[in-house]
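Letters are used for the chains, namely A, B, C and D, taken in the order the chains are written, and counting of residues starts over at 1 for each.
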Amino acid sequence: MGSDNQRTRLPAQTYGTGRVEAFSDGVIAVAITLLVLDLRVPEPIAGVSLAHSLGELWPNYLAYVISFLAIGIMWINHHSMMKRLMAVDHSALVLNLLLLLCIVALPFTTALFSTYLNDRSGAHLAAVIYAGSFLVTSVVFVALQWLLVVRRPYLLSEPLTPVQRRSILLRGAVAVPAYLLAALAGLLTPYLTLAVCIGLGIFYFVPLGPRFASAAGR
Amino acid sequence: MGSDNQRTRLPAQTYGTGRVEAFSDGVIAVAITLLVLDLRVPEPIAGVSLAHSLGELWPNYLAYVISFLAIGIMWINHHSMMKRLMAVDHSALVLNLLLLLCIVALPFTTALFSTYLNDRSGAHLAAVIYAGSFLVTSVVFVALQWLLVVRRPYLLSEPLTPVQRRSILLRGAVAVPAYLLAALAGLLTPYLTLAVCIGLGIFYFVPLGPRFASAAGR
Amino acid sequence: MGSDNQRTRLPAQTYGTGRVEAFSDGVIAVAITLLVLDLRVPEPIAGVSLAHSLGELWPNYLAYVISFLAIGIMWINHHSMMKRLMAVDHSALVLNLLLLLCIVALPFTTALFSTYLNDRSGAHLAAVIYAGSFLVTSVVFVALQWLLVVRRPYLLSEPLTPVQRRSILLRGAVAVPAYLLAALAGLLTPYLTLAVCIGLGIFYFVPLGPRFASAAGR
Amino acid sequence: MGSDNQRTRLPAQTYGTGRVEAFSDGVIAVAITLLVLDLRVPEPIAGVSLAHSLGELWPNYLAYVISFLAIGIMWINHHSMMKRLMAVDHSALVLNLLLLLCIVALPFTTALFSTYLNDRSGAHLAAVIYAGSFLVTSVVFVALQWLLVVRRPYLLSEPLTPVQRRSILLRGAVAVPAYLLAALAGLLTPYLTLAVCIGLGIFYFVPLGPRFASAAGR
């Protein structure tokens, strides 16, 4: 990879970003694709129409879309983060591995949520676990971003102004209270968890003009 | 990646194409490979020959081949599209993510179709969903192509002539009415859906001489 | 990717090899890893020891190793083949896609073989299908190699001498009669199919000194 | 890939490291992600709370974390190893393939362990197999490292001092007695195997200051 640190003047204990990006991309790509395994094909049952069987699986379809977009947004943000780096060190590799550990578990919490959404007794807990898994993932993400931007500025390929630094950290941190809210909402009703997660997806996806673009791009 | 926009004069809110390609390749590669999960090994049953059991699964084998080639063609076209770009912006990333969301769902609609093809009551709906999923994927693909070619010409590494632009859009758009036809055919009989999808595969695969090559290559 | 044909004088309808390699690598990597799904965890059954349950699954373990090494060898050969190229054209992309279609099906034929190896009635057919799937894959591989080396010499980054060309084609073609033998052996007894496949793996793996190395490396 | 050996003076039978890295990354990324398949969603059962059902699956969650981190560490070490190389030869490719064969089997041995941890009769054997699979993987890893560092010094991009060589080999070799201990511990009680594996993970993860960093980075 062109960005490997063979020709740089960094201390020997750093790594180029090329293979970290490639490995992270691979893991996130597999995790996001495994979400399809929760789109189950209903067993053909005599006397029950396919339309009815598919209709009963609507939580699976909705959860697939929400989780796919949420993981996709994480990938876009991960991409932006790595783009700023010249190299990573051991702490960054370890935190990145923890982040991937969280992301890989998301297809599981998604399947748990969609299986129990219409189950009277388990729905609350499943919703809390679902939003909670995204919450933990966001916290690890912010920790990694904080490590790179605040504690390891020498790993950046270009220095950041204080304004840029704050904007980067804020944008990542916004997900933390949102997912906390979604998790708490699950204690009331799991459908509120769904609604908060959908709202968060829309917030990240709808372009907000130059202000948004400049926060995301740098 | 060589094509990352480190040395270009693009506005800061764009991204290099290298990691977008790598992530898209990863997702499409996993999705196309997960099709194998629909090639189920029949349970050994006393008194039933393996040849008979495998014979009953022919819709699975046929659907595997059709979907593999269809997703493969999408990858080739995605490849051609990214090759023309110098960078992507947030809208392109978002549309690309929606495209991947559709592609990842295709192993599910394929499994649905092959499970219900010989089921009297569900076959029509399964065929419509199968062709419909490819239809939606094609529409998102054309939308992404239109965004890049018509609305964001400054992201292209080389300007296109109007003839080239029309040729690119037409070639992608051809799949839309074809899959619409395949979906409507499913209302009559699911086997007609199969036939249309096979025909579409052959259309894309058989080289049509220089006229075809120049449309595909540029 | 460094080898993309942005700076070459090839006709416009060719593609750089970078993304074809990346996509093929991705598909082969997923296919080879999905072999693990055939290593099934036996259900805990009261009164049956785990050692006994695992012992009954030995065909799964053996088939896993054989298929892993066989797909691994294909990847090494694919790697050698792409290394010689400067670019690919539409025919090469299509043949490569067919090759991937065959490779992705191998975890299925492997699972079929390991499930039926100790089944009296289905074992012969399963063995023929297993060896047959590798046979078809080898034939497509040789066809792709022949296309690139004989029919599209202008895609090579360096011209080959007739001796090199023959050596490359021979080395790939050797797998065809071997897998044909393995498939025919399955008509007698599936264990002979296993033996031939193991022998073929050893043939490719044991280094044969400089003669072998120069055939493989160029 | 920038590190491909097109412009080097190596013998013709070597390969660039770019695609070996990409393929290994792909395989390890898929294997690590497949661990999520062992995080099973419990069937909703009337009268049994979801909290209770999830609680019973704690071995699955613990095994997921341990195996994820262990495979992640292997990836980091693989990364460090490949970084030192200018090229690989056939023996290195073959050993690397054997290493991947072991790594891909780890999700299976992980699932086996978590399924049988609380099973009276099978737990000892499952623990031995679990630690044994990591033991074999470590042995192959050390063998590959020894091949590259001791037997093929001409493949390194920069010569190593004897001190560096010893430090690299020692650091990899430390896992061998540790996993041997974990496997033997399984004969006493599977929970001791768990404890040793957790301890090993912590040893690798907690940064030990400059001494550690220099051993890991070079």
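Heads up, the rule we're going with is that a residue touches a chain if its C-beta (ideal position, glycine included) is under 8 Å from a C-beta of that chain, and two chains touch if they have at least 3 such contacts.
Everything numeric here is computed off the predicted structure, so don't read it as measured data.
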Inquiry  = Given that subunit A and subunit D are copies and touch, would you call their interface same or different according to whether over half of its residue numbers are shared?
reply    = different
Task = Using just the Cα atoms, superpose subunit C onto subunit D and tell me the rotation angle to the nearest 5°.
result = 90
Key: Chain centre separation in whole Å, for subunit B relative to subunit A (CA means)   = 25
Ask   = Any idea how many Å lie between the Cα centroids of subunit A and subunit C?
value = 35
Touching two or more other chains - residues of subunit C = 1-2, 22, 26, 29-30, 34
Key: Touching residues on subunit D, where the partner in the complex is subunit A   = 1-3, 21-22, 25-26, 28-30, 32-37, 39, 41, 44, 49-51, 54, 64-65, 68-69, 72, 75-76, 79-80, 82-83, 157, 205, 207, 210, 212-214, 216-218
Query = In their complex, what parts of subunit D are in touch with subunit C?
reply = 1-2, 4, 11-16, 19-20, 22-23, 26-27, 29-31, 34, 89-91, 93-94, 97, 100-101, 104-105, 107-108, 111-112, 115-116, 119, 121-122, 125-126
